[in-house]
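Just below sit the structures, each encoded as structure tokens.
Look at the two complexes coming up: subunit A is in both, with subunit B in one and subunit C in the other.
So, the complex of A and B:
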């Protein structure tokens, strides 16, 4: 396979921004990522984005999003209706063919336009599950309970994930939730949806992220230490919650193996866990041990701009490799109810 | 690194109807996918990965319905990608799938595009008023009619040209049992007397709203060489997009369309499309888009497209048949319509087009789709022979 690296990354998030539309939110992020890449906008070979019409409440969220790119003269461009981590996968494939050497990948979404926990329930099958309309939090609580019963973990384990994530988030500029909170303090809070408390649940936010990819010598010429994609894979599971074992993530495990996660140590892992319980399920699936720093950015509990948050995981790992803080890292992105679909990307410095 | 070769080894398509109440969404996509697998001589377990495409999810009222369709499409345990690039999506979905093969990532990819428009109303699904944006409660026809009027003004085309296309494509559909519209009595008078929707478009100048799905199995060179049936080799594919809000755009003859065709023709060795293609399946949702795209795609000089249409050059017996299957004017499940064009082009070069098969001379056909405000383009060239 052709060597492809992340050479630039930018992200932003705010709790809610009623005064900016998606294009206004996206423009500075794209300009920052492209501006820092060392590649001229007009030289970028391919562009691919991820967004969700149902977040905007309109039929073509990505169409106007393209206005933030500067698509003139016309560009080679595509879009996935999914987290932009899958757009990055599509861009990585396009670079493999050799027709292009670089790509801009971006994702965006405004959760504040709606009750996002309810709107994401529009993903359920329309015949059996959707009429019951369980929210994201409802099914995450079911999953957390299932995990507790099969693993012996407790609410304290969830609170430990939250405490570490919120503390780590203090150094993440776009974090929505960041504070020092002891496990005891967190466990004193009331249940939102048993066994989940507020700290176990991501807070809705508006945000965007962009990544620039480059191949081989181009990446080396513009970036002192590119973060090379050494393996990337994604897998999907059955849709119905009742036919899956929710306490494990077989698609994450499969994708991690195929991406070569276990071939060497993992210095840093960014896991797209929207609920603290999900981080533990993902750690088990990937086989993360105590030598790996998990979610140093605070993860999705710090900021979860839906449709960008998976791409942010890849960007955060790449950022630490480029900065020399890590040699090898793993990024994970998820999609669908109770982590139905999962992507794993392994990155390395040289 | 050179791209691996890729070929269409199986094609499947549903019957297109205004409302397929006999099937769920899952039943609809399976109907096309099963036919494509059978055509390829494969089963679900032979497939390495899936690429699913459709236009806005508001057409059915389900967000990312491919998640729920994963089981019906045999995707469990496999990679699945969902593409959405507006009206061009059927074409770009096929291109994303073909890229997985060309990149050497997978050898057998199932790609499916669908729309079940009877679940909602597509015209109003396209016209949701948005905050911060001027309301355009017009549907697609209301958007494109002014561009068509501008084309008429630029080219001096007589007013009946659109109606000629409307008749030609509906007559073609009579040879295609899967087409949605079958109007045996269609003639110029019937089109002229149908009611005016958006000047100059009359009711019969516009596409129907359909339920339907299209599927293809794409294979590597190794898979294609081992295929028992005929295959359609991919000779080139291209995507181009341009922004909506840009005063410098020529929306009547978009640069993105011209650039896309140029890139495509370079890859496939096409120098004179009218001569080098045996036929073309082109996204013509409103009759006037045939002459407009004839010019945009370089089949003739600027301002001459309507003359080809008027002379019958694009008819089934013309020198460059367009939309032998009946085209978008006869079946329009929006998210699938682009892939129907790509797949029908493949069927022609496989000699699998039944009663609407054209005579093959060069063995090459064009598949084309466009979307948004004439700003997203996806195209491919398929051929009977393996590319050199």
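So, the complex of A and C:
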């Protein structure tokens, strides 16, 4: 295996960006990530993005994202209709194959153009689920209650996740939800989708993220402390919610094991929990203990630009390793209803 | 900077999303149409409801061992929907989404519980289907599940009042409508407002002399923002074109045959889409010089330019536009 590292990361999010189109929103993020990478734009070997056409309401909408990259002379490029964490996986594979030494990975999406909770219903099967139109929140709430039943956890545990995440978010520049809120205060709020309250549910936002990857000596030559990807894996479960045990995340557990998560301590973990209940399910699956700082950025409850938020988890862990605040970290990204598909990436400093 | 332009956009399948269902899903939907619920027994003995063509754990075909399940069921999990979505949800009053396992099944289905109040809902509660009178072979043939009291007998489905086509259900039609409000963006707003002023605006980045008519905000070759506005001409050269003989579905589509072309505007470094009129379709050619025909009333969208007509000028040389093909 080749040594591959995250050497640069940038992200942005706002509650709604009525001013800019997707390209204009994405451009400064890509320029920041590439500009800070120490690698010339034209020297980057591979470009891979993650986005969702249903967010823009048009086919092949992602192609326009290339206007922010600069595709001349012609570049080697690919795209996934998924969170850009999966684009990072593809880029990591491309570097492993050995044909390129560096890659630009980005993801973007504007949730404000539509009712994103409803648009995400398009990922259900068209026979049994879609005709009923359960929203993204509805199915997360089904999972949350299932988890409460089997684990004995309560709404208070969810509120504790939210309280910590919102507090941590205060130091995250692109956070759209950040505040001090006690558990008691949060529990005083009304239910939105019983058993979930507003603080348990991510707020829609518009945003983008970009990461630059580089292999071995190239990474060392441009970055004082690269965040090396020591393991990365993703696993998927059946799509029908009724055939899964929603209270556990077997795919996360498997991915974490294959990524080598348990081989050593984990200083920091960024978990792509879009609902507070999901963080607890993910902690159980990964086996996070009290020595790990979970979601110091505030996680997806602080900012969840869909199609970028999973990549942001990897970028946030890498940022802390590069800054010397952590030696070993774990990043998680999720996709699909009730966390059907999960990716785990283990990063280390040298 | 003017307020950015926004436009409403609807993504919809006219007449509904239509799809064939195959023998397994088709049999299940046929049973719903008949007012029954059926599952299929898997190789390991579990009963899968609703069924798929394959075992979700092993991907083996499910076989043909069909089992009647329900109509009683048990709620495994639920959430309360305080505000139903008009046009999406079947009920117009608050209801629960639930994972419901019909008696005799080993898996659950997502469906609706019409319980009146969240206080009625609990994990483990017993429910039964409330069937629609008019059933077409859809998951929504069960309008909702309703609480089942101890000792209560589920009501059988009423006789089907819908016109039934064929012995089995072969397809579904799902209404799908998604609504969007799209921002044009900073650069495109500038361009569209220019049309209202009888101008075609281009933009370029400081690092390049290349001007892009109707810029989306960046120089696509470099990704640099196009911050410098440059007016380009409303005349140019046809670089390539096609004669359209297939009538368009849109009410805006011109009568066939017509010509659509790419036009290299004078002063721009990209081509621009337009319809060519005022000339027999057989006379349209690469290199032909054309001029925009503007609408009488100018607005901030593409209808401000009706079409393009030939100029009384010699054709442009191939060398002048060969880089834009």
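Everything that follows uses one rule, which is that the second predicted complex is superposed on the first by the 350 of 350 C-alpha atoms of A that agree within 3 Å, B and C clash if a C-alpha of one lies under 4 Å from a C-alpha of the other, contacts with A are read in each partner's own complex, and residues count from 1 in each chain.
Please note the rule applied: a contact is a pair of C-beta atoms (placed from the backbone, for glycine too) under 8 Å apart; a residue touches a chain by one contact, two chains touch by 3 or more.
For clarity, every value in this text was computed on a predicted model and none was experimentally measured.
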Should subunit B and subunit C be called a clash or a fit once both complexes are overlaid on subunit A?
clash
I'd like to know which partner A:71 touches here: subunit B for first, subunit C for second, both or neither.
both
Using the touch definition from the top, say if A:304 reaches subunit B (first), subunit C (second), both or neither.
neither
Given the touch rule stated above, what does A:41 touch, subunit B (first), subunit C (second), both, or neither?
second
Look at A:274 in the shared chain and tell me whether it touches subunit B only, subunit C only, both, or neither; answer first, second, both or neither.
neither
Taking the superposition as given, does A:12 touch the first partner, subunit B, the second, subunit C, both, or neither?
neither
Touching A:334 in the superposition: subunit B (first), subunit C (second), both, neither?
neither
Applying the document's definition of touch, where does A:57 land relative to subunit B and subunit C: first, second, both, or neither?
both
Determine, under the contact definition given at the top, whether A:238 touches first (subunit B), second (subunit C), both, or neither.
both
Applying the document's definition of touch, where does A:49 land relative to subunit B and subunit C: first, second, both, or neither?
neither
Just name the clashing stretch of subunit B against subunit C, choosing from 37-45, 91-99, 145-153 or 217-225.
145-153
Subunit A positions within both the subunit B interface and the subunit C interface are 21, 54, 56-58, 64, 66-67, 69-72, 119, 122, 126-127, 130, 238, 240
Show which residues of subunit C lie in contact with subunit A when the two form their complex.
4, 6, 9, 11, 17, 19, 21, 25, 29, 48-50, 52, 56-57, 76-82, 85, 88-90, 97-99, 101, 107-112, 118, 121, 123, 138-140, 172, 174, 176, 178-188, 216-225
Within the complex, which stretch of subunit A touches subunit B?
1-2, 21, 47, 52-54, 56-60, 62-64, 66-67, 69-82, 86, 89-90, 93-94, 96-99, 119-120, 122-127, 130, 233-240, 251, 254, 335-337, 340-341
Residues on subunit B engaged by subunit A in the complex (per definition of touch)
1-3, 24-25, 55-65, 67-71, 75-86, 92, 95-96, 99-100, 102-105, 125-126, 128, 130-133, 238-246, 248, 254-256, 259-260, 372-373, 375-376
Subunit C-touching residues of subunit A, taken from the complex the two chains share
17-24, 27, 30-31, 41, 54, 56-58, 64, 66-72, 110, 113-115, 118-119, 122, 126-135, 138-139, 141-146, 149, 191-196, 238, 240-243, 246
